[in-house]
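The same subunit A turns up in both complexes below, where it pairs with subunit B and then with subunit C.
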Partner chain A sequence: MYKAWLVFRKDVQQEFKTRYALNAIFLFAIVTLTAVSFSIGAFSAGPEILSALLWIILFFSSMSGLAHIFVREEETHTADTLKLVTTSSSVFIGKLLFNIMLLFMVELLVVPLFMGVMNFVIYDAFVFVLSLVFGTFGLAGGGTIVAAIISKSNTKGALFTVLAFPILLPVIVSGISAAKKAATNAPLVLASSELQALFAFAVVIITAGILLFDFIWNE
Partner chain B sequence: MFLKSLKIILFFLLAAVIYGAFLYAPLAKGLGEYTRVLYFHVPTAWITVTAFAVGALFSGIYLKNKELKYDLWAEAANQLGLLFGVLATVTGSIWAKMSWGSFWNWDPRETSIFILLLIYAAYFALRSAVEQADRRAALSAVYDLLAFVTVPFFVFVVPRIYSSLHPDPIVNTQGKIHMNGKMLLVFLSSLSAYTAVFFWMLKQRIDLIGIQLKIKQLEN
Partner chain C sequence: MKLTAEKISKNFAEKSIFKNLTFEAESGTCLAVLGPNGSGKTTLMRILSHLILPTSGSITYSQNGTTIRPEHIFQHIGFLGPYLELYQDLSAMENLEFFSKIRGLKDFAPRIFQLMEQFGLKGREDDAVKTYSSGMKQRLKYVFALLHEPQILFVDEPRSNLDEEGIRLVYEVLQQYKQNHLLIMATNDSDDLKLADVKVQVNV
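Here is the complex of A and B:
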């Protein structure tokens, strides 16, 4: 675990030196938010449409930034050194922590902005925040393992979204449903199946990622 | 010799299933002629799931002992799965048009098969993006297993959030169609005929893969 923490710190330092993924993901989120807000206006959409739009913005912004963490190691040819100094599972956990942090930073910026600009009122903040947290773990878990796959292939850009989307769809579907319930003042009991689904998905995808990552990394 | 005679038996069995589905089996009470698609829709859907499970099994075996032929077997099984998946989608869509009024309305069952097709289309996109054989095998095997662990979420989670019109996927428990003896006979023979066709096709592909690998070996 300590080594995973070291990998995480190395990635944070490296990222803040160039800020490549950070810039890409933040600007992508802002651009899509602008496009959405500009095209439908503040008061014309109900909670159903708004919660779907929020998750679409979150999903595609995460798609623009999550792959960078492994692609960078391949492009700078540092993957071999990393293989020598540490185990594959600590690499995976370190990179997963970095992607989770990246997504939380984006959400801290985008979600309040979205609520303000689009007039998206949340009645049940607890359900909403919990669904975002679990959803972030699921998105980051699936995104990290697919990023590891993609970094070894020849076409890195477009393929990432194509591979990640069908796997991450349960997160999007349950996330949208939970956000909708949080915005229409449904009691906590009604959103519990969505929260369970998000939580279970995060656990399953992260476990599968840790188990399968070794086959990609030491291939 | 044994396999050859099996092939001929399979031919007559399939012919009997087609005859039985259209002419022998009676109609379910209160439902129209369109329910005859049942004898083709359910078996193809069942084969889709079987094929993907077999593919995931071969992917797992590949990761375990790194023999290239298992990766090619997994590819063959997933190709057949995709083929039967398209057939199940088309027959299901025709049935949906007749009984629900539209070819496609994002019923949870329709959503889950669509996502299944999307996942395996992505699997083949990934395969075409990697050139080295052993790297392609490892990456696609990992993706196959990753996809396979998320499939239960589509089967159990999505229908829990959105209610479905589709009858229970497990044959004849609380399904909307109650079958009598003749229907059940045709249905079960169709199911076993399709299963035999799938394994026969898979066997052909596996033999072909063996020959191709041997030729490659001789060339080197």
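Here is the complex of A and C:
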């Protein structure tokens, strides 16, 4: 775990010097949020539409930044350097931690802005926050393993979203449903299946990522 | 440390890069990998260092008769080559500290300063690697490769981007290094080959 922490810290150090992923992800989130707020307006959409829009913004924002963590290693020819000094599992966990941090930072900015601009009222904050947390782990887990796969290919940018979308679809669907229930003040028990699905997906995708990453990394 | 390579072959898709290479080398010697451009020298270096797998054949490293497991070989390897870069946005010190910590080295700071001085980079520790000239980057790669005092040193194109003084320094270091360690280099340069004890020709 210490080595994974060192990989994470190195990535944070690099990111705060260049801000490639941060700028990409924040700009995408703000531009989409602005476009959505101008086209729909604050009071015309119900919780169903707003929940979907929130998760669409979160998903596509994350797509614009999550792949960077592995693409950068391949493009700057540092992947082999990293292979020489540490194990594949510590690389995967370090990169996963970085992507989780990146997504939480985006959510900290986008979610309150979205709620304010779009008048998206949440009645059950517990369900909403829990769905965001589990969803973040799922998005980051799936995004990290897909990023590792596409970093080896020639058409990195386009391929990432194309490959990630079907893999991450359960997160988007469950996340939208959980947000909708949190916004309509449904009892906790009604949202439990969405929360269970998000939690299970995160556990499965992260475990599969750790187990499969060695084959991708040392390909 | 002893390297035994048996019948190594490598194909990329349908194309055969080299076939059935068999050779041995041990500490105290320098193994030189020779061949024309595009012949697969770098590929062989990457296979020998376990960065990529051969299509067939085996590579074994042993120490005092005990075989070193492939997953532990990286602890014993230092590697530098034109395609292996350090983190350009970080300073030399940040890079070397990261690599020292992740390799589990203790009290690495004096070793870093000693190597930086030896390779003529003293005073540039806190500069971002991207501000270094190509020759300085090559020197820094030597610092990175020698930092953990590896048993086996892989050097792909030892003189790459170096000035006269840098080349003289590198030859001195490599000459001294190979006395007790295994040095493996990929080169076609006749001056580099003066260091070689065993030669492996690829794509013949």
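Please note the rule applied: the second predicted complex is superposed on the first by the 219 of 219 C-alpha atoms of A that agree within 3 Å, B and C clash if a C-alpha of one lies under 4 Å from a C-alpha of the other, contacts with A are read in each partner's own complex, and residues count from 1 in each chain.
Keep in mind that, in the parts below, contacts are C-beta pairs under 8 Å (C-beta built on N, C-alpha and C of every residue); 3 or more make two chains touch, one makes a residue touch a chain.
Fair warning: this is a prediction, and the values are worked out from it, not measured in the lab.
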First, second, both or neither for A:Ser37, with subunit B first and subunit C second: neither
First (subunit B), second (subunit C), both or neither touched by A:Thr81: second
Which superposed partner A:Ser89 touches (first subunit B, second subunit C, both, neither): neither
Winner by number of subunit A residues touched, once subunit B and subunit C are compared: B
Which superposed partner A:Leu6 touches (first subunit B, second subunit C, both, neither): second
First (subunit B), second (subunit C), both or neither touched by A:Thr184: neither
In the complex, subunit A residues that touch subunit B: 142, 145-146, 149, 152-155, 159, 162-163, 165-167, 169-170, 173-174, 177, 193-194, 197, 200-201, 204-205, 208-209, 212, 215-216, 219
Subunit A residues touching subunit C - in the complex, by the definition given at the top: 3, 6-7, 10, 13-14, 17-18, 76-78, 80-81, 83-87, 90, 218
Touch list for subunit B against partner subunit A, complex: 63, 115, 118-119, 122, 125-126, 129-131, 134-135, 138-139, 141-143, 145-147, 149-150, 153-154, 157-158, 160-161
In the complex, subunit C residues that touch subunit A: 46, 49, 51-53, 71, 74, 77, 79, 83-90, 94, 98-99, 101-103, 128, 144
